[in-house]
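The letters A, B, C and D name the chains in turn, as written, and every chain counts its residues from 1.
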Amino acid sequence: MIWERPLLSAMRSREQFLASLNDGREAYYRGQRVDSIAEHPVLRIAAEHAAKLYDVPRELRDPALGQDVSGYFVLPRSPAELLARHRLVYATTMACHGVFNISQAIGSDALAAMSVIAPKIDRKHATPYAARVEAYRRRVATEDLTLALAQTDMKGDRRRRPHEQPDPDMYVHVTDVRPEGIVVSGAKAHTTQAAVSDEIVVIPTRAMSEKDADFAVAFAVPAATKGLTFIVRPIEELEGNDQAILARSDYEFETITIFDQVFVPWERVFLCREHEFAGAVAIGFATYHRFTAVSYRAATANLYLGTASLVARTNGISEASHVRDKMLRLVLYKEVMRMSALTAAQFPLMDEGQAIPNPLYTNIGKLYSNQNFSGVLEALVDLSGGILATLPARSDFENPVEGPYLAKYLAAAEDGPRRTEVLRLAKELGVSSFAGYMMALMIHAEGSVEASKMAILRDYDLTEAETLVEGLLTPK
Amino acid sequence: MIWERPLLSAMRSREQFLASLNDGREAYYRGQRVDSIAEHPVLRIAAEHAAKLYDVPRELRDPALGQDVSGYFVLPRSPAELLARHRLVYATTMACHGVFNISQAIGSDALAAMSVIAPKIDRKHATPYAARVEAYRRRVATEDLTLALAQTDMKGDRRRRPHEQPDPDMYVHVTDVRPEGIVVSGAKAHTTQAAVSDEIVVIPTRAMSEKDADFAVAFAVPAATKGLTFIVRPIEELEGNDQAILARSDYEFETITIFDQVFVPWERVFLCREHEFAGAVAIGFATYHRFTAVSYRAATANLYLGTASLVARTNGISEASHVRDKMLRLVLYKEVMRMSALTAAQFPLMDEGQAIPNPLYTNIGKLYSNQNFSGVLEALVDLSGGILATLPARSDFENPVEGPYLAKYLAAAEDGPRRTEVLRLAKELGVSSFAGYMMALMIHAEGSVEASKMAILRDYDLTEAETLVEGLLTPK
Amino acid sequence: MIWERPLLSAMRSREQFLASLNDGREAYYRGQRVDSIAEHPVLRIAAEHAAKLYDVPRELRDPALGQDVSGYFVLPRSPAELLARHRLVYATTMACHGVFNISQAIGSDALAAMSVIAPKIDRKHATPYAARVEAYRRRVATEDLTLALAQTDMKGDRRRRPHEQPDPDMYVHVTDVRPEGIVVSGAKAHTTQAAVSDEIVVIPTRAMSEKDADFAVAFAVPAATKGLTFIVRPIEELEGNDQAILARSDYEFETITIFDQVFVPWERVFLCREHEFAGAVAIGFATYHRFTAVSYRAATANLYLGTASLVARTNGISEASHVRDKMLRLVLYKEVMRMSALTAAQFPLMDEGQAIPNPLYTNIGKLYSNQNFSGVLEALVDLSGGILATLPARSDFENPVEGPYLAKYLAAAEDGPRRTEVLRLAKELGVSSFAGYMMALMIHAEGSVEASKMAILRDYDLTEAETLVEGLLTPK
Amino acid sequence: MIWERPLLSAMRSREQFLASLNDGREAYYRGQRVDSIAEHPVLRIAAEHAAKLYDVPRELRDPALGQDVSGYFVLPRSPAELLARHRLVYATTMACHGVFNISQAIGSDALAAMSVIAPKIDRKHATPYAARVEAYRRRVATEDLTLALAQTDMKGDRRRRPHEQPDPDMYVHVTDVRPEGIVVSGAKAHTTQAAVSDEIVVIPTRAMSEKDADFAVAFAVPAATKGLTFIVRPIEELEGNDQAILARSDYEFETITIFDQVFVPWERVFLCREHEFAGAVAIGFATYHRFTAVSYRAATANLYLGTASLVARTNGISEASHVRDKMLRLVLYKEVMRMSALTAAQFPLMDEGQAIPNPLYTNIGKLYSNQNFSGVLEALVDLSGGILATLPARSDFENPVEGPYLAKYLAAAEDGPRRTEVLRLAKELGVSSFAGYMMALMIHAEGSVEASKMAILRDYDLTEAETLVEGLLTPK
């Protein structure tokens, strides 16, 4: 039995979720052990952001379970269901002020990928992975849990394969196999929202050779599992910006997630040394997750597009031709993402009865996003003006000497206080540490630029194009 | 007499400079009046940064004065002297860890421009501006003063000319003319280092029509002048980043500079209502100042280039082909700036015996800088990896539980602590609020992208190209 | 009655089509009247290219006619039917070696647009346009005709509106209204395949003001109509390239199409002075036609993609990292077009029961195509090597002295003769006048770059983005 | 004695040059042996283009010879002399309607490089190369000869080094060493103007390992040498364009140059198996020659800039904001080239007393040129309009029916005939096979894009940047 908690008769509430975080999980923030994340003055916001998921209408009938569960956990079987998934990711992001809510998205991306691959492993190795994955999926669906996903290993020396590393812990790996389960060690980087999730799902970061078999491991553990430590990144977009508007309301964090001789019972093990399937799991997950990425990024783009539009209006320059060119760049950023998601949903690969977002169109959107976000920042900064960098603090407006000066002098096409608030948000989005965080995210999250390029070229079928050309070279 | 202080027999020391700041100037920071900037816990760093100027070897013989003064104040008369100016700006920036030091650069840019234009005004209007500008130059040179330059007006409604603004104060303007001087009101945005400069030099922001004559005004006042108020921007790159390395050592700030019925004695007035020369002053200054810009930006680029190189090495990916492409981008950023400065210096315009940096090549470098800095950030972020966004805080390394994990797991081609420090600097430069500030600076400082484009096309001589083509169309 | 020919019981054959061209139409080529286009040594190829349409399986049931007709003429009523239209355009292009076949595509784009707009005009002006358009559509469908579309006027002075032109003929306009029809004069540029089409359909090039009412005219005439003159562009990609491979097989031409007091019977008039609908017709057509554009351009991209792949292989450089970057650029060119078409088809606007390709996604694809084709050429040229420019002629290979040298020295990863043929095609596609023609096409055909930008921004709905941001600025 | 012709007391005339071509050299064009190139109906133009060199004022005092010779052959010893060289290349190009004249440029680039490297070889191997190079230089200078330069080998399988090629002839190599000289075989690609040059200078294409020693060979031979065969590329920009304006006046051609057991006397051998210097010769030449490249490309850019300006004027769109953006792109293309040349000249490397153009700035300009020429074409095509592709032929204007229509309808801001001529030149430059040839040239001539990137990164000194950053990481 992998479920330890009672089945819920109804879907979970935000309060239930927040209460459940206080379970002894070992999390650190800025060098301090965090006792209760939901009450921590800073991390609380990330927890409440996660909890917003429970306010978003997500109910969808699960055909296997015969009951309504969160739509995230329903395995997509058709273009329409992939489209629904795209819309759910988009709607959740919009409900969180344009900030992605990963809490059920990333874990269900991994489950969807493993649901396709587990039967293949089972057929080859007579393993019971498909049943385990499905049992796990049913449990997290019926309990309406949140799942973090730990994939990217620390990697150590980038020039060496996992088994060549001087320190084997640089990739999470199996250190012991026991009758009742396995033991794993290592660490994963960039595990988003891990310390505010119910479960941590672990999958390989790349294809593995036979010598790398110990590194071919996938499993899930509760966040409070012994040996698991979360080191949360500093939240500079909030703590470092006393003028923050958005980060005061929504943000997510990443952890370095340490696995120090963590025991995993067999029911929770989904891959163990079947090295030839590690790549399929890694890539399968990446495809689903990049589909999620282009979906939420289209929503996030609204933050930049809407702010740029308000800035242009408050500056009184909406009609300038160079401003229109910048608005166009922002429109394209949103709509190319959306176009990518829509096409990927409508033209899926079908495998094991499941609909996989079209990898080609998914990765094209992902790559566009990687390569054009710096242009989004540039457009916003350019049309906002230098005042983005030199905007006075809120407290200046409250000083009786400075305040009236500032209200007077910051007016343009709208009055000073209104314009200042619009600019303050533009500053947060465009030139603060939030902007930097977004840039890192848009370039690295859900796989690097090079990974997207490789994914596009790897399976690209040149037959149609080459046949056309050969036909010209050797006419019938 | 415009000089109120005794002539110095030797050049000024940093201590003398810092001591002089405590003169009652009216500066505000985050809603608080700042009594002593040189002792303020945050602004102190900007003051000390300014003071570093006095440690840089700058002595140059002034032919008019017959004595050694700061090279910044020597009017360039030849390519060699412009080249020396480029090198002085570059060297000063390098001495300040790659952060521009504007303290004598920008003011002397304005003096150089006015030295060329004042004789032309005098010839037309029988005004005494040339002598006043020269007397002022001699004074600031012999006293080795620092000068802020206030040019960009608040502008109000961008669709209206100065005299059409509902509130005339949106552009600094003459409100009264008295026997002993003039009175001015208005406000200027983005006045760099104003509150830590000895003097504030004011020039028009654009060409002025006859109806805008009151707005055609240039002058200089000491920072402690009555009616002058400085509102300093919040220093988020320092206060918002408790991990800051660079901002802890060097930064500059901007102020909104309020002029509320400020009296200026005639000796300090350099333009007053001769509206047809306002554009020449604005553009003349812009040319000298953009020459300064491409000079310091070449130096600043070293921060990004050097950090990227160290990051690639510590990550162990220096030889990857995509990394080499990114390094190339960074090399080009530095060297196109430098190339622009070198060409502008070697092929100046000569006017009134003075060497003006070639406006075409100056603006080409400036535009390249505007349009390619987001690519610099992108390159650094891309080759650093997602760890830029998710790097733990310094305090995490000090915790006995987390510390050993982090030291172990953050190792790559170099050990964990070293790599972390390199990444921390990359984070500051690439994704922190410092990065955002730099992006705003690289796009807006020293004139907008559109201004650079206009400057290139405005005076471009198409004769050679058109003659060649007409020769083909109508062969002899 | 608008149909003068008997209804066909079966679809038309290529022979029937080619025979029908010999009807006295007035066409000129290089200063000579062309008597029989289907027998002209050069233009014959364009005629036979057009005729290839009749070899492509196109049958589709028309619900209104209750019979199978060319799928081009079936009005799309659903995403599935738009998708079928995309596939038909793509398949026809592939059947013509990657060269677009406009013969039924462009005319049916215009009919589809007018079918949506005519009812609206009729409701306002009590005109009979909807019935006329439908009757005309049924006729061309049942007779399986080819239609050229003349939209772009000569325009004269670009700074003046139609009625302001010194010479009113610069835009096609109504010069007389008679009981039995109207008389029109003027000229249209770039009418593709006009002289090898059965019919010429004319629509306005832009929105028209009340003063421009005479210029708001749409109609159709047979190619052999009195007063109609076609001036065909020189076919340099064929006549100027004795090594041509592709142009020897397929090309299309444009004409300047002169209307000199051409009479049009009322049955063939679809808009006459209802100026407020001119813009809707122009834009409605543009949307359908740009959907056709992204569909055929995806197919055309195969020429470049396939050739680049064969070149890389024959040069032995397929695995070089810079080559992979260029292949990626070519893959993106094809697939972004396709993605745009697929999304536009799946998410249409519905109007008057008809499915209009989503204008936003259509124009995004169109703009991508405009802005990235020069990069396609660059990629092909770059990976081919300088030999593209310096490849010897075919006759050199036949000379007994040169031939053996060339066969020996042009070998690389494949033998000399094979490699030379691959390079010859790369040369035609990349650096010949065909390449130039393609560049002009990819930038200007189906509307200019600026037109695509305008189309994206014109109707873009910013509400969702602005609402999100206003919600942050004024939290509930 | 290497000189076989009498010394000239005065500089050579164009007639003398043209007469000298009739010396029995073995050239082929389109499969035919060409007896007299100066009288060949097509190649004649390339010969006359070469001869224009003799009308350009080029006299410069050679300090070694103590007499005036062509400035091309004077070895530059200072920035001023490099600047003079830049201006000579630029002026010669302008005198040839913007088309490069390679006749003394490329050969003297090679001599300049070998003059620097020969003394180093001599010091190591006690060879007499320096004296031979100097003797050869004096001879070609005093006789005022033209020199082609053959560097790029055919290369065969790109994945193998020279000695690994199945056919050793894929790189020119030494096949025999005799008392009186050496024998060489192989072939070189892209030898510009070889068949209309007096001499063919041969240098290695790359660095050579010890096993490749036979391929490390440099020498010069007269064009009429036994065993030497020139296969001229087809001149499609002229023969394929009966409307050509520019190609009717000026063009250059390339040959595949076959060396079949060619004997070279020792006096003409400059490198023979000293493999470790092959790379230095290749790179040394590349640097001088890319300096020539950025110099002539700045001049060539005038063709595009001037034509674009005339087109914008004749179309009446000079003031449109998108047109100004395109003009800016063209201005930058010209001026970044010039800036690169000026900086490279002013800041040379000094070696063996000789001034070498700064390799960094030379290669930056070269790379800019490679990467931005497709944008030049795009800008010209975009602002010209679709009429570039669809412009009628000249003969259409002469037909009594068509002519008046065309004159009337092609008018815009200027009359029809004038506008048509401007557009015809724009068509030649923008979308004809000339445009394609230029694109291949701008990407591949004087070294590939990858070669420029490598040249920039290879010797780039990161010390300054890394030191700055290390100073921040480990503060004193």
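In this text, a contact is a pair of C-beta atoms (placed from the backbone, for glycine too) under 8 Å apart; a residue touches a chain by one contact, two chains touch by 3 or more.
In this text, all values refer to a predicted model and were calculated from it rather than measured experimentally.
Colleague: Same or different, please, for the subunit B to subunit D contact, judged on whether over half of the interface numbers appear on both copies.
Modeller: same
Colleague: Could you find the chain whose CA centre sits the greatest distance from that of subunit C?
Modeller: With centres defined by C-alpha atoms, farthest from subunit C sits B.
Colleague: Just the number, please: Cα centre separation of subunit C and subunit D in whole Å.
Modeller: Roughly 40 Å, centre to centre.
Colleague: Using mean CA coordinates as chain centres, what's the subunit A-subunit D distance in Å?
Modeller: Whole-Å distance between the two chain centres: 52.
Colleague: Would you give the residues of subunit C that are in contact with at least 2 other chains, written as numbers and ranges?
Modeller: Answer for subunit C, listing residues that touch two or more other chains: 322.
Colleague: Report the residues of subunit B in contact with subunit D in the complex, numbered from low to high.
Modeller: Contact set of subunit B toward subunit D: 94, 97-98, 245-246, 249, 301-303, 305-307, 309-310, 324-325, 327-328, 331-332, 334-336, 339-340, 342-343, 346-347, 360-361, 364, 367, 421-422, 425, 453, 456-457, 460, 462, 464-473, 475.
Colleague: Quick check: in the complex, which residue numbers of subunit D touch subunit C?
Modeller: 28, 30-33, 152, 154-159, 167, 169-170, 187, 189-190, 229, 231-234, 236, 239-243, 254-256, 258, 260, 315-317, 322, 374-375, 377-378, 381-382, 385-393, 395-399, 401-402, 405-406, 408-413, 427, 430-433, 435-437, 439-441, 443-445, 448-450
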